[in-house]
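Structure first, commentary second.
Each chain carries a letter (A, B, C and D) given by its place in the written order, and its residues are counted from 1.
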Amino acid sequence: MERKKVAVLGASGYTGSELLRFLLVHMEVEVTHVTAEKHAGKKLSNVFPHLSEYLNLELNSLDADSVPIDVEIVFAALPHGKSAKIVSALYGRDIKIIDLGADFRLSRGRYEKWYGEHPCPELIDEAVYGLPEINRGEIKNAKLVANPGCYPESSILGLAPLLNEGLIENDSIIIDSKSGVTGAGRSPSLDSHFCEVNEGVKAYKIGEHRHIPEIEEVLSDYSGQDIKVVFSPHLIPMNRGILSTIYVRLTKDCTTSELLNLYKEHYAREIFVRISPEGVYPSTAHVRGSNFCNIGLRVNDGNNTAVIVSVIDNLVKGASGQAIQNMNIMMGWDESEGLSGPPVFP
Amino acid sequence: MERKKVAVLGASGYTGSELLRFLLVHMEVEVTHVTAEKHAGKKLSNVFPHLSEYLNLELNSLDADSVPIDVEIVFAALPHGKSAKIVSALYGRDIKIIDLGADFRLSRGRYEKWYGEHPCPELIDEAVYGLPEINRGEIKNAKLVANPGCYPESSILGLAPLLNEGLIENDSIIIDSKSGVTGAGRSPSLDSHFCEVNEGVKAYKIGEHRHIPEIEEVLSDYSGQDIKVVFSPHLIPMNRGILSTIYVRLTKDCTTSELLNLYKEHYAREIFVRISPEGVYPSTAHVRGSNFCNIGLRVNDGNNTAVIVSVIDNLVKGASGQAIQNMNIMMGWDESEGLSGPPVFP
Amino acid sequence: MERKKVAVLGASGYTGSELLRFLLVHMEVEVTHVTAEKHAGKKLSNVFPHLSEYLNLELNSLDADSVPIDVEIVFAALPHGKSAKIVSALYGRDIKIIDLGADFRLSRGRYEKWYGEHPCPELIDEAVYGLPEINRGEIKNAKLVANPGCYPESSILGLAPLLNEGLIENDSIIIDSKSGVTGAGRSPSLDSHFCEVNEGVKAYKIGEHRHIPEIEEVLSDYSGQDIKVVFSPHLIPMNRGILSTIYVRLTKDCTTSELLNLYKEHYAREIFVRISPEGVYPSTAHVRGSNFCNIGLRVNDGNNTAVIVSVIDNLVKGASGQAIQNMNIMMGWDESEGLSGPPVFP
Amino acid sequence: MERKKVAVLGASGYTGSELLRFLLVHMEVEVTHVTAEKHAGKKLSNVFPHLSEYLNLELNSLDADSVPIDVEIVFAALPHGKSAKIVSALYGRDIKIIDLGADFRLSRGRYEKWYGEHPCPELIDEAVYGLPEINRGEIKNAKLVANPGCYPESSILGLAPLLNEGLIENDSIIIDSKSGVTGAGRSPSLDSHFCEVNEGVKAYKIGEHRHIPEIEEVLSDYSGQDIKVVFSPHLIPMNRGILSTIYVRLTKDCTTSELLNLYKEHYAREIFVRISPEGVYPSTAHVRGSNFCNIGLRVNDGNNTAVIVSVIDNLVKGASGQAIQNMNIMMGWDESEGLSGPPVFP
């Protein structure tokens, strides 16, 4: 059977490169079109020497008309705003679109509060939030999927089983996240200059990060309650990985072991979520390069606070791997196709 | 004037080496005796090549009788249990002792619950907890000082101003700490093997770390209330530094700016505590190698939660620098003698 | 068709774990037996949490009789000496063996000079050196393959085209290698303790490393000359990767471009060797996690010295990936089966 | 006695920050003027939070007229070209100038070949090369000192004793240098973006680095011979440190121990050069934050090649510490004033 033709818009960043890594070993697809505004005209292997000998493609500039007509699947890994515009221009075609940016993750009002005016608000309602562990059914039938942000991915997966059972006290959710530096993208800046990051850890945008409205909206929709969270992101001197330590007050007494069982049951059929044994907490090193989310937890004696630790590779389950999983679901393929390799440790 | 003679017991670990770094530039003292059980008989420069040409001393085995009679100040950087024994043997002398271990930080009952039987419980009441920002007066007159643990140091300094004003809701304190690897000491183990730590972040001993009773005891004594905390330590791929992100519910409405002013006033006379401007959060990189504790904070809209970020160099303000500061206070010297150099950035 | 059953002896180290990573996605094989002396009786996922949900195997102790009789392929990733003994015990079976240790890489006299007495010298002559780029033909028919050391792998691939053309002046070869820390194995030691390695670079075993006789023997055999090298290994604060900078005097005038062409032709049919364009030098980051060897070079003006830069992932092309490639050749399978995924960048 | 007033031109880069670290603890000076083109008008502590509470100065734009008339010592840490212009404008004053840039390191012809036209060639002959271990006498009487480049500093110190004795064969010098990322400065670029550097090592500018003419000119002047070198710089994932591994053919048979003795004698009176014992090679970790150069070496059996390993902290002995040492010599102060603290390990 012929492979489906795929385009990657915004292929010169880290999520773009990671998409290519998975697409290149995927049995059902073939990448035939790649774009990168700043590098248009260059060979892909010029921008990503690690991919030389893989794809003999030239980078195009971003333009809906240049996307070949036989492309059936489009990944957009673009800055917010840019994404919506190109998606809008391509939406009339008979294609599936997975947008890795922020343009279709939020409802209209929330988007405008955090990002300003939306370039094509009429498409917002068409988009399905692409987190299979909470809404696989909708993804199956979607034409446009909004791939989750990396912090929301790790946070929501860590909270869903408790929310689902109504076990969390209102207004008690605190998420303390630690991220590797690829989360900040590939554009040089003092904040991601090697010597400023290495040998240090810092907090940033406490209570102000744009992933906050995404977490709150998804959790509220999922639980049917109005969820607010305290969210503090931190920058860690490593390339990949997010570890979110989540604190919640439980609405009733539970033991660590009871909660672990709840999580195991909740995620029993999920191939990309693994629950750690009691007393063991996950490390980002154990999911590196893979689409796994590992979760461990403990109930704190005394004040009935649960501490949940959720780890992902921010470039994989937190971005490109999740996008591939979404494509697989949208196309009716095996959900792990292209994603079955073990983590790369160490 | 003659320099005071100093002994460093346990000089082959990271806190030992860091003590020497400060003592070597201190104008009032002279190191004349160093011990290291595993390396007895070796030259110090053999164990620490970075100190070659500085101290032409040989490492001794640990033995009270071998500590020269003219030594007036003793630093003990030893495993728990070992410390108490040698302190007990030296206590009759006319000396000042700063213990960097855990043996004299806790009251008797607490110690035994977390560490087992105490080797010389009768000395526990003699020891003064060595955190000048909360009890400088007692340190001045102490003969034996228990130097704080690194996690408690960063946590207590981050919480003291709020506790002092009664601004924290009972049972709401959550401390999420991120530590560099020197905190785990210099003994090789899989947990601190380079390839297991590098490019990863993990949580460990959630709710079970031995620094929890220390934090709770000191905060309870300080506030006159029974304080419990949720405490989660994390290991970060860097040598030095602790960043503690502390979450508390406030008992009354406050703005970020009001709290920052409170912190500035509270620490106005403290030379080693610096408060970050609004919107800026401290990085461990900005205190590296120095005795500073930098603190930033923000009040989260909506649920009146304050997020306080407190950073120290775990080997300095969290261990050896704090010990030097304590010595200076005990001896009536300038509190910053030996500690006045700026942080080493980057 | 049924998958061939495979055993991995010494599965708890980094090369063992990396073998499993590739074997788990290999279409022709199935891992049915794993050993790890120190962890016998434990579940594999206990020792390697990143592999949980992949292999539900228990670790056995090392014992030829325990290796199931239907195992057809054996990988030995064991300390020197141990390897030879078990290989000897299994040699009578109808199996293929790839030994990742040092026991069968050297001729008898050389082995004894550098390692001491050999446990079963009679097998040495049976073993084929497993570097396909220089002796693929012999590997095809081998029953026992000695997988190259990591430093030799990068050095020999960097030198082969020049040696093959007789372009190198006798006695002029200098190899300056920089290695990540996985090269030192997974056993904790002060030398690979995080804080001793991080933020530093050091040289070690200059002129004394046990990979020197291997480099010299293979290069001498390959060139028909008596080759000696100056070899200096260095430890770099990273998990994976070896970069060897190789200096040689050329026997005749050549330009950079001529040499690059020579390298491209020499390796034209090799799928795992990539030559960088003129003016570009390879980074270990561009081969991470993959079986590639990337090579760049430059002829230095004036003194006719060629500087060749050769990079590999020490755990892959320098160990486990090379072992898989050797298995593929020995079994007549596609040489890149299991190894076709792109490097993991960044 | 009154402290001498000092200006630091270009204070917002890493060498600028490091100059301030040393000047702030120097007993003879006081920093009264700092400049930073991009940050003019900002507080210094805004650009360098680690220095807050130390210097309450505002950053000025670069302009000779703004340098206060009572400034007696000027450090210029500026891009090449810029430095020469301001030095020229200030040269008429009764001041001492230490230039940390490249403008006065090379003779006129060499400068123009590697950098283009010189902005004020007439000053080149006035400048003294600031490497005290080879020309302390000239520095003493200099008004303008050209502080060495970081790679030349480590290379020249590693070679001087052998050159001085005529022990090196012509044209045999190969310098393989490994540098931390601060060497590339503080301006953001893809090459020093955290994720591009971390977990990798690469070579760059082989045979083309601008420090090559400096090494060759200084070594030629020192030895009275026409010295050429092969030089390959490498980028290492760490903040600070340069390790140069230097390969030379000896003109006569020597043992490792004989050469070590030669080095010890040669540097017997140098307080900042330390020679490692036989069999021990220096690590950059052992000089971090200090003005030391540590040197180890070994003679390779067989081909009479000496391998010399020389390490410095590129920001200290390779830049700002060396500049302070030069100031001390120029002013007749104790050569180690401000520089006497031990390395910061780990």
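The rule is short, and it goes like this: contacts are C-beta pairs under 8 Å (C-beta built on N, C-alpha and C of every residue); 3 or more make two chains touch, one makes a residue touch a chain.
Just so we're clear, the structure is a prediction, and the values are computed from it rather than from any experiment.
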item: Farthest chain relative to chain A (centres taken as mean CA coordinates); value: D
item: Comparison of B-C and C-D (more C-beta pairs in contact); value: C-D
item: Between chain B and chain C, centroid-to-centroid distance (C-alpha), Å; value: 45
item: Gap in Å, rounded to a whole number, between the CA centres of chain D and chain B; value: 36
item: Between chain D and chain C, distance of the C-alpha-averaged centres to the nearest whole Å; value: 39
item: Set of chain B residues in contact with two or more other chains; value: 14, 182, 195, 198-199, 237-240, 282-283, 285-286, 288, 346
item: Of all residues in chain B, those that touch chain A in their complex; value: 171, 174, 176, 178, 195-196, 198-204, 206-207, 228, 230, 232, 234, 236-241, 243, 245, 247, 281-286, 288, 296, 298, 300-303, 305, 307, 309, 346
item: Chain B to chain C touching residues, read off their complex; value: 14, 180-182, 186, 188-190, 192-195, 197-199, 237-239
item: Contact footprint of chain A on chain C as seen in their complex; value: 14, 17, 20-21, 24-25, 48-54, 182, 198-199, 239-240, 271, 274, 276, 280, 282-283, 285-290, 294, 340-346
